[in-house]
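Down below are the structures I want you to see.
Two complexes are shown next, each including subunit A; its partner changes from subunit B in the first to subunit C in the second.
This part shows the complex of A and B:
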């Protein structure tokens, strides 16, 4: 697990996605071919760190490795450039987590690789109050 | 001469503070362990279960980088006693997340004064011309054994500073500093131990007071400064009482220390304690103000600094949330939630 995350650490720490040099569309997670115009002229691009909640749910039965954090909010966040990210929303009062709420990115512990394995860090979002 | 002063002065170019969202009232700790009452502080800041020194250091660092308008760092130093790994640097994770690779990176440890050590080392690197700018962070998720006196105050948080050359972006010139250390066993944590141990009353007179008084009096003696030269003073804050007592002994007034005195509502953020106190002062300081900063680290030692605020401070207003505003966005938790967040429950 640690190697897979290590290869993508800039994606998880810095929200590195893709920008199409042909049409200017931006994507997260990164793509090899533009979903808009089909061009393969793709470069890395750091995504904006703020956006708004498009939709969300409160998860009570999470995937293995996330049990201790349950219940938690999982949301589709639309960043300021239009790219969409699926992410946890943390440290936010229940009444603040709603469609349209402004959020900002943070980096948190995602999970730990077993008893003595590495700590996996990645992006989550917080409602911007 | 014991004064540390770089030939070319270094300056703070940007700073960022971080406190977690959650607060544990000390009445909760007293309720569980003593049947009532409270601790010396009202509340303490508690990191969430998905936060640690890496994540909090990064939050503060991003704010400091934004304020400083600095693109490249020659050093990233994290002062902490709560590294997530015994072996694997916190600083490299922070550097990676900032996109900084051509940089020195190291974790510094000296109990509660590791953050100011980072400031001193980067001041030297900048002052000697070896680097243009560096990042010094003091951050901790402080540990306190359940039921121990330390649990009332041991808190999470800290601050980050980008230090660079003294130019028009400078917001505070680091004029000079002093350090004073001795082998003093007031507080320690052995390898593989989860919580630190301390010698109760021994942490005061021969530790905190002896070392801070020596570092500050040395600075006074060798610069000619007197307490009234300083608009503000910030001391390490293990509890609400010690910084007030040491300030009084050294000739400072409550008016000079109240802005940076955060312990009553956030607790002791260890290596982050005096750095976040300094951030609260910089939020309100004006050009020309002098600030005395004095840390204390068990084991033991103290660093004292003379910092002079410069015109660049005016460009930083409104760039980042102030320490006051960060302190106002909180949610209270009970002892059970705190136990879950800080992994005090063993399944």
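This part shows the complex of A and C:
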């Protein structure tokens, strides 16, 4: 399944989302049509790398492939441009992971995929102290 | 509204739980035969099988033709219907719509899920397929994780307490004690919920519907074939499906279940009913927080009051609008693609006086609400007594 990750490399490594050329709204994950104004004039746009935690959970039973990382934090992060990303929050003391905490994006190892053991990289956030 | 009225002529179901000795086809046939025996004169013109993950769970697709053939109904058009956990409710909607339009006069709807053959982490993976592979599964999030995020947001924004949230699983378990087809027939206290193991903070094990096998079926018929035998039937007054922004974290207001709100509003309008007339609701509480937000989306509770109202007894047996009268998703169980059909079977049992010890007296109108994803798809049925 490695090919699906290759397709998304810019999205995963640089947080490339969408910008509506009509109203200026920005989105991550990318969209095909603006959720605000309905325009289909959508272009790729690199997202800001900082934001704040809107809500979070500490997941004890993750998906297969993520067991070694559990328990870990997952948060809805609202970026500076208003886009909302679902992401892990890592390398941050437990007491710092809370609603409203400022976070910044980093590139991290997500999981090891398939029999060939390909390492999949992607975005995770850390609390900005 | 279309040409024909739509009736539920009969229903069948299996107990929900561990069916180690039965395959997905065994379960489907058992439930379907129960329905067919109840109305032998109604020959289904179409068959719809609501199911979410037979490919992953049983290495089996093509369930429509497979079920038709096993029932001796080869030749009948037959389809699998998938919309994650709302597959069953969606299947009922499609069958109902075709009958109402006059295109067909009868249909068999089966909802089935075979979950227990999988390891727990394989089940998590299968359920997570209801959410985005590229942006939700990719970060390791399970379906429970999304509901955990939502539960924290709900509690923090609207000041809902742990105990209030617990009242929904407590209600479910209480109602399931006397429900023969329920998976867990044991009453629990709020402490059982608040002390159970953490799944996705703040959601604990007893906030979450269990994993189980099961199948349920209804035989639907139009006006012509119902003539003369309506006494033991229920009428499907309205059936609506709506969808919402795909992932809950992409929505402007995560606390509004827009799919349920939209489908319920349209269904009430189709049926010409005020929500105040609803005397019973089967609510999709796959997680305690989902039950609360569903009650709010349908307007039975005000914003932030779904769990509180449950704690105050507003939805108990004996109240003016009991919910989850056989245990809901938490205690009757949640064999995902079958759940929406179980709800319809249960409403049918209530409306026709076949609910045994769980009978609610004087039921005029019943609503079933079946959700796929985090209210990404919602299927609403409004049932009434046949007349």
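Remarks
In the analysis below, the second predicted complex is superposed on the first by the 127 of 129 C-alpha atoms of A that agree within 3 Å, B and C clash if a C-alpha of one lies under 4 Å from a C-alpha of the other, contacts with A are read in each partner's own complex, and residues count from 1 in each chain.
Criterion: a contact is a pair of C-beta atoms (placed from the backbone, for glycine too) under 8 Å apart; a residue touches a chain by one contact, two chains touch by 3 or more.
Everything quoted here is computed from the prediction, not taken from an experiment.
Room for both subunit B and subunit C is found when the two structures are superposed via subunit A, with no clash between them. When the shared chain is aligned, subunit B comes close enough to touch A:108, but subunit C does not. By the touch criterion stated above, A:69 is placed in contact with subunit B and with subunit C alike.
Contacts of A:121 after superposition on the shared chain: subunit B is touched, whereas subunit C is not. Of the two partner chains placed by superposition, only subunit B is touched by A:129; subunit C is not. Legend: residue contacts after superposition of the two complexes on their common chain; A:35 is shown touching subunit C, with no touch to subunit B. Note on subunit A: of its two partners subunit C and subunit B, the one contacting more of its residues is C.
Here the apex is the CA centre of subunit A, and the angle it makes with the centres of subunit B and subunit C after alignment on chain A is 150°, in steps of 10. Contact with subunit B, but none with subunit C, is seen for A:9 once the two complexes are overlaid on the shared chain.
Superposition on the common chain A brings subunit B within a closest Cα-Cα distance of 12 Å of subunit C. The intersection of subunit A residues touching subunit B with those touching subunit C, taken from the two complexes, comprises 69, 110, 124. Those residues of subunit B lying in contact with subunit A across their complex are 20-22, 48-52, 54-55, 58-59, 84-85, 88, 93, 96-97, 99, 329, 331, 340. Looking at the complex, you find that subunit A touches subunit C at residues 4-5, 8, 11-12, 27, 29, 35, 54-67, 69, 72, 74-76, 84-88, 99, 110-111, 122, 124.
Only residues 9-10, 13-14, 68-69, 90-91, 93, 106-110, 118-119, 121, 124, 129 of subunit A touch subunit B when the two sit together in their complex. Across the complex, subunit C meets subunit A through its residues 120-122, 124-125, 128, 132-142, 144-146, 148-153, 156, 197-203, 245, 247, 249-250, 254.
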